[in-house]
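Below are two complexes that have chain A in common, paired first with chain B and then with chain C.
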Partner chain A sequence: MSNLLDTNEGAHYLYMGNDAIVRGALEGGVSVAAGYPGTPSSEIIEQLARISDRRSLYVEWATNEKIATEIAAAASFAGLRSICTMKQNGVHVASDFLLHLTGTGVRGGMVVVVCEDPGALSSQNEADARYFAKMLEVPLLEPGDFQEAKDMMKWALELSEELKTFVIFRSVTRMSHASGNVVIGELPENEPRAYFQYKGPLLDFLTGPMVTGPGVVAYARTVQQGRLKRAVSLFEQSRFNIYAGPERPELLIITSSACYLYSKEAIHTLNLGDRVGLLKLGTTWPLPEGLVRKHLAAAQKVLVVEEPQDFMEENIKILAADAAGEVGVKTFYGKKSGHVPTSGELNPDIIMNTLKGILGIQYEPVPQEYATKAFQSMFKSPGRELTFCPGCPHRASFLSLHNALALDNRDGFVCGDVGCYGIGVLPAGFSTVKTNFSMGSGLGLATGFGKLTKFGMNQPVVAVCGDSTFFHAVMPALVDAVHHQSDVTLVVLDNSGTAMTGFQPHPGLAVDAMGETAPSIDIEAVCRAIGADVASSDPFDVERTEKTLLGMLKKKGAKVVILRQICALSPEKRGKKKYQMSVREDVCIGENCGCNRMCTRILRCPGIYWDTARKVSRIDEVICAGCGVCASVCPSGAIQKAEVA
Partner chain B sequence: MDMNTLQKDPYNIIITGVGGQGNVTASRMLAGMLVGRGYSVTIGETFGASQRGGSVMSHMRISSHGAWSPQIPKGKVDLVVSLEPSETIKVLSGYGNPETQSLSNDRPIYPVRVIAGDDKYPSMDEIRATIENLTARSFMISATEEALKLGNPIYQNVIMIGAVGGMDLLPVSIDDFREVIGRGMPEDKAAVNVKAYEIGEALVRN
Partner chain C sequence: MDEKKHLGQKELNERVKHARLCTGCGACVNLCPYQRAYEDKVLAIFPCDLDVGRCYAFCPRTPVDLEALRGLLFDPQDLTPEVGAVKGFYVTRSRNTKERSRAQHGGTVTALMSLALKEGIIDTAVMADRGGTFLPEAVTENDSRKVAMHGKSSFVVSPNVAEFNRLAKGSSEKIGAVATPCQALAYAKMRMKPIPERDNNIDKLKLVVGLFCGWALSWERLMDLLAAKTELAAITGLDIPPSRYQAMHIYTTNGTIEVPIDEVNRCIRGACHYCFDMTAEFSDISVGSARLSEGWEEARGWNQVIVRTDLGLELVELARKKRRLEFREVPEGNLQRLKAASLNKKGMALKNLKLRTHSQDDLIYLNKEDPAFKNLIKGG
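What follows is the complex of A and B.
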């Protein structure tokens, strides 16, 4: 979106939350940005990379989140402003480095942007990364709308540089992937020079070496805690902490982030503006103690609305206990009291229910008669189980994996990993995936299973991972598997990009985030160099793939099969069919065929369906991507593929 | 249609469909037209894993007073725009009210459980009757078929947006669409899109 570089100060645009964050970073003079793709954070680096040449930026998709953080820190040490981006679990990957970074602090402003996913809409967890702010003793900022996402990002860079500590900027799916109007500010002229000063004395983190170690930790922590104290005094005056409502509300809501918009909506819908006060905090760690105390003193009942965990609620209760003499004893409502759900995503309806319960009011969104017929209608629309896209290579890969494991006949199974192929646990992936945890854990677990032969375990074990995941966290596990001679087969589902998050490049490709040519790292050569037995196949060649996999399952030691086929949604493939598919109705024997509808009952591709009237399968021209895989599963040869010129 | 005021503030639209149908593009186009008219638009969406063959929704709030919740409260949708017929019912049953209007594309996308024979897809008559029972006014148009006549199913979303324009519920016109589509597209491509918009408009007006 070219308007991210608009210099027309005061113009307003519809920005996705992540665009607002990008614009804020640009207005804040960012020079270096690094991240690892993860929903809902990915668009920040994507957009910065797209405009990197016009703003003299360095932008990279790092191999993993820890490296992204280190790239950003190096820029900061050399005096530049930087950001690193990741989804919530990325902070866990980066945290070892971040823990040590609080020991030295930073020089140029550095912001760790964490986009969380309450409700796990596109995640395998709903981790609350805010606890890291408290644990690591760094400031935490959370925007409450789209304008704030921009303004606060700019401020976060300035604040970090002023306090000399990195700052955590926390967004959520309903902020990052929601959109709203944003008024843009000034873009600074930005031509900074990078230079790393190290000639000053030890422990002078502005001019000396950036090191922590025994003997200096207590000193370093005292310095960091001093920075936090200064943060509190700045936060007391922050324009990102806002109150709306009566002077002495019957109920005070304290909230942050997207929950601010939900709470505001709930108060509006229930028409409670003259009874309920809303304190929206943008600086959620350390808390602006004076401001919170002032509002606590004005209300007897306090409701804390946040997701996914009760981070603020606990900290506010501690503050209220310390200040009980001044603010009086409060009745708290929130997750602990059972008034706010302790898991899952919140929304305005949940908050309305909470308010109804606390204030004893009545509210029904629609007349009872409508509610009844709406409820009865709900079941008329069939559910939609997740599936691989039409033409997805993973469907073919899992089909061959499933068949190879069945032919091997020793109750073999697949350890999954993080990516679209997690769907392998569902019928769409023939239910072959039996474990699924964090990035790289597929092979880590499989390596462990592969060492259990001495305890009588004879089940073949397969790990799957994507090409981006391979570089992120699978390589160390492969080293472990080879070195310890674990009996394991790693299947790399190489679809030439970080597909689930939108085709971000990774070290296996000959291009970097900024679109420049980059040396590609050959997964096959890496696996061979590590010492694994390596084979490769095109998953769309179902017969050959199945044979290759079956052969590897029977071998001892650590083996790798690379299944290479570009993602169906990739820009180079999308909308282009390789084959025009058709079903010869005179050849399809329908329900009399012994296959029992292999094409639809087993393959379950959205592009082919069973015509219940004619009792034959049919291709849906609009949906079919023309991969040709269904032709290889039809035993009677009724499904035809014709190469598209 | 009064081009300067909203029927309600905020006016709430849910654009729904199946992952991969282009929900996000459709919501961006419509939002772009409204922002061009000076309105504040808030859109709530989800991307990523939830898109793979699943039901998807874009919640759109149109207002003269800044940002609203990116999730519309239950029972508060004014207009449902559905790129897939059966998905209309899902949204209406959660967010509809007696005044809600709807616009649906009539081309089904069968869920994998239906394809596999484990579940049934309702008949079009049943879908129509259910939608009519839950709305004050509803349209079902053949957006995909019309798009195929234009040479590519991707035009279905523009046809749907054109039909939204034709329903005369929002302060937008084809000129707003021309401006939005003209920004990022060569003239000949923009012209096909404008044609698609006109087709959509005509489908609900006739």
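What follows is the complex of A and C.
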């Protein structure tokens, strides 16, 4: 059982960063939480959903990030505390609403939790959402360790309620997904009542209607800027801004978030504690100006360590320029000077190298011999190719898509979308995907391509999206495609869950985040209602799927093909094989003309491999998921499938 | 050109498909998962890196020693340079009027295939159905009484050899095929077993009934042409009477529409301009339309038949004996006229091939030393 609801105040627990955030939210009295799945943020909503039956909580996986912020804002308007969660690019989706939300401010504390992915370990971008804080004129908080992740989350809810503005709380992969010791605090016994007050006068955002509009914008912005000014004065005293080091350091490092951990380790390893000062900021926008000025005055050289962009570095330089008379002229090191990489994730080794460069220290972070060996072994170890899982329905779907486009023979192509199916760009997806951008833009782009017939373009255009993405952002594009009679085929790869981020339910399923039965939205019916020509097929029926796709490619207008098959990793399927697969060695043609290794050269499911010694294909019993697709592509019938009872 | 050497899919694509010589016969299809037929095109959907492949070896547009093929299939005494082996030349039609009404001309092909099935000479027939939109579909038939349902010519190429390849992997033991000349050539190449260790069960092929063929049409272009002339649903058949009529006939529920041959010529499948064979020289029996002094209305109910092999002769004589075929006297000079037409097609093919290569010597897939071409080459 989870210890997230433990009332043993003062107890120590090993928490993953996202758990610490959950605990902080609970200690801060959160009532409503909404989010859209995205690594590394997903566990926050998952954990809250798991305990929602034991606490008075409403938790949902929203259809998209914008709706998640709206759900959270409604709770706040009704006097509750709320959070909404997303990954970095989710803020871009939510930003339109957030921009307007600064016009009214909030009532109950509301925190936008953004978990970023510097280095884009599981993303298609390395967006730095901190800029939104500055653009939107809202406070930005960044925890520097796991204890802070909890404490700061609680404080964020209080701060938001006090200032009457939502607050952005930013974590990163190494904070959200790593674990550390956390001392838990008190869990409030709160049973708040929700009520939306609107009877007060216009522009009284505490009791009146929550509306903004022309004529009141200047007023609203002045109010918001006033809130920021108060934030600065609070931040000057904040216990989340800490300094360690000599009074007059040779070099002052200013940092935040996970980079604080890296910097601390670098200083420790290089034994620079008496030469280098470390100012860790938890409140990174607006800056605690007095505090920063004080530390700038004490050092001549300043290094800013942050990821992924130079957000703090710029803001500190502006501050230093304004205060030049008081703090003197500084030498800045960071991304601009080339001392800190401008992209990718940082780590202690990188910071050590930076410090060596600036301070002229000789130090080999890793013994040379070891480094050489490690480097060599990198090339020896068999690099695993990025591919779909064994039994993944997408492999079969993309095979049929590839075949249909090849047979159609008009240089057709697929506009991809965000999800596992991004692999469609690689040989594992038969290289069918030729564009891949943000969520929903697959069909948006395809709809645009589909209107280019009048300029002589007759390449068939296909867009793919997952079931979750369909609800997130594809529906408006489908409306556009149908209404404007774009010649486009949307393929919905319906694997019954948000597979890439771990099977969070979405509106297409009959269950919600909290595990309760919910009306499911029928994608097929939605598409028909919008006016698209709809067909569906089981992607494991390769022949029928190819035929269905070929037929649709021929038709004019907006068409939808729903390829429905549950993800191989889904809880329902996992570990359960439909078929026991085997290869008849005597029948396998292998490398000979007539096959030339269709299964292991073209299909390339990890569950089947080429036995170079015996020159036959073999099933890897451990990896094979028993979907049977390889049997349907084998030209000789050597691959056998036996139904598992 | 090294005719002995067999190459693979890569060369097939370069030298046949990309060179736009592919006839769509289907010989390279259903041998493996990579070559596929769709509509009237044959496509490589995945690359294959084998150095030697059956696809290349069987294709009627890759180089082959035609003399060796003739030696394998025919009696040397029967060979003519103009129309290949001739054991007998007839004008025939089916005696069954119902069969005739469903046939392109005299229903000779239908009658012969039906008889071959009935007599157990074959157990499965490979034919082509016209399909609703003039896109033919390869079909198999085991029932002699149902052969007539697959009558009438489809002037778009049907990948029938692909269907043979598929069938030959299965339980059929004695297969008979109706074939256009390119398809007949593909079957002949298969019978040579160019890759002995991996044939395609070609020994199951027992009978090839060839169709005379001037050219086939590109499906897309044909559809455009037909759609411009009439309601597609009203069309009951198409025909191209002998060249002196200079027209294609579209038979519709409201009578016949004549399309000037120039318009039809624009729809010809490009590859057919490089085909040397009008009479399906590599078949057991070849069947085409007849020429009669009474004119086309009478002639279109009859066929001209060239018998080329012993098996062919047996079948035709059996058909006479069993009263399946009706024979009439061959008009004077008909074989000569056929030879002239055949030579004309050969000449055009050679001319077009030379235009392609800008060379007198390089005939891409043909050998200028072949007895069928030698004289034509000299002639210019």
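Everything below uses one rule, namely that the second predicted complex is superposed on the first by the 634 of 645 C-alpha atoms of A that agree within 3 Å, B and C clash if a C-alpha of one lies under 4 Å from a C-alpha of the other, contacts with A are read in each partner's own complex, and residues count from 1 in each chain.
Convention: contacts are C-beta pairs under 8 Å (C-beta built on N, C-alpha and C of every residue); 3 or more make two chains touch, one makes a residue touch a chain.
Values in this document were obtained by computation on a predicted structure and should not be read as measured data.
Chemist: Is A:454 contacted by the first partner chain B, the second partner chain C, both or neither?
Modeler: In the superposition, A:454 contacts neither chain B nor chain C.
Chemist: Report for A:594: first if it touches chain B alone, second if chain C alone, otherwise both or neither.
Modeler: In the superposition, A:594 contacts chain C only.
Chemist: Of the partners chain B and chain C, which touch A:387 in the superposed model: first, second, both, neither?
Modeler: first
Chemist: For A:635, is the partner it touches chain B (first), chain C (second), both, or none of the two (neither)?
Modeler: A:635 sits against chain C, while chain B stays out of touch.
Chemist: Considering only the touch criterion stated at the top, classify A:199 as touching first (chain B), second (chain C), both, or neither.
Modeler: A:199 contacts neither chain B nor chain C.
Chemist: Let me test your reading of the model: by the given contact rule, A:406 touches which partner, first (chain B), second (chain C), both or neither?
Modeler: A:406 sits against chain C, while chain B stays out of touch.
Chemist: Quick one: name whichever of chain B and chain C touches more residues of chain A.
Modeler: Comparing chain B with chain C, the partner touching more chain A residues is B.
Chemist: If you lay the two complexes on top of each other, which residues of chain A touch chain B in one and chain C in the other?
Modeler: Residues common to the chain A contacts of chain C and of chain B are 602, listed in rising order.
Chemist: Using the touch definition from the top, list the residues of chain C that touch chain A in their complex.
Modeler: Result: residues 8, 31-34, 36, 38, 41, 43, 45-46, 48-50, 52-55, 195, 198 of chain C touch chain A.
Chemist: In the complex, go through chain B and note every residue touching chain A.
Modeler: Against chain A, chain B makes touches at 18, 20, 28, 31-32, 35, 40-50, 52-55, 66-76, 86-90, 92-94, 96-98, 107, 109-117, 119-122, 126-127, 130, 133-134, 144, 148, 153-154.
Chemist: Quick one: in the complex, what on chain A touches chain B?
Modeler: By the definition above, chain A touches chain B via 12-14, 39-40, 121-123, 145-147, 173-175, 177-181, 258, 261-262, 264-266, 269, 347-349, 352, 365-367, 370-371, 373-375, 377-378, 380-389, 420, 422-423, 427-428, 500-502, 569, 575, 597, 600-602, 604-606, 608-610, 620, 622-623.
Chemist: Of all residues in chain A, which touch chain C in the complex?
Modeler: Touch list, chain A to chain C: 402-403, 406-409, 550, 591-596, 598, 602, 633, 635.
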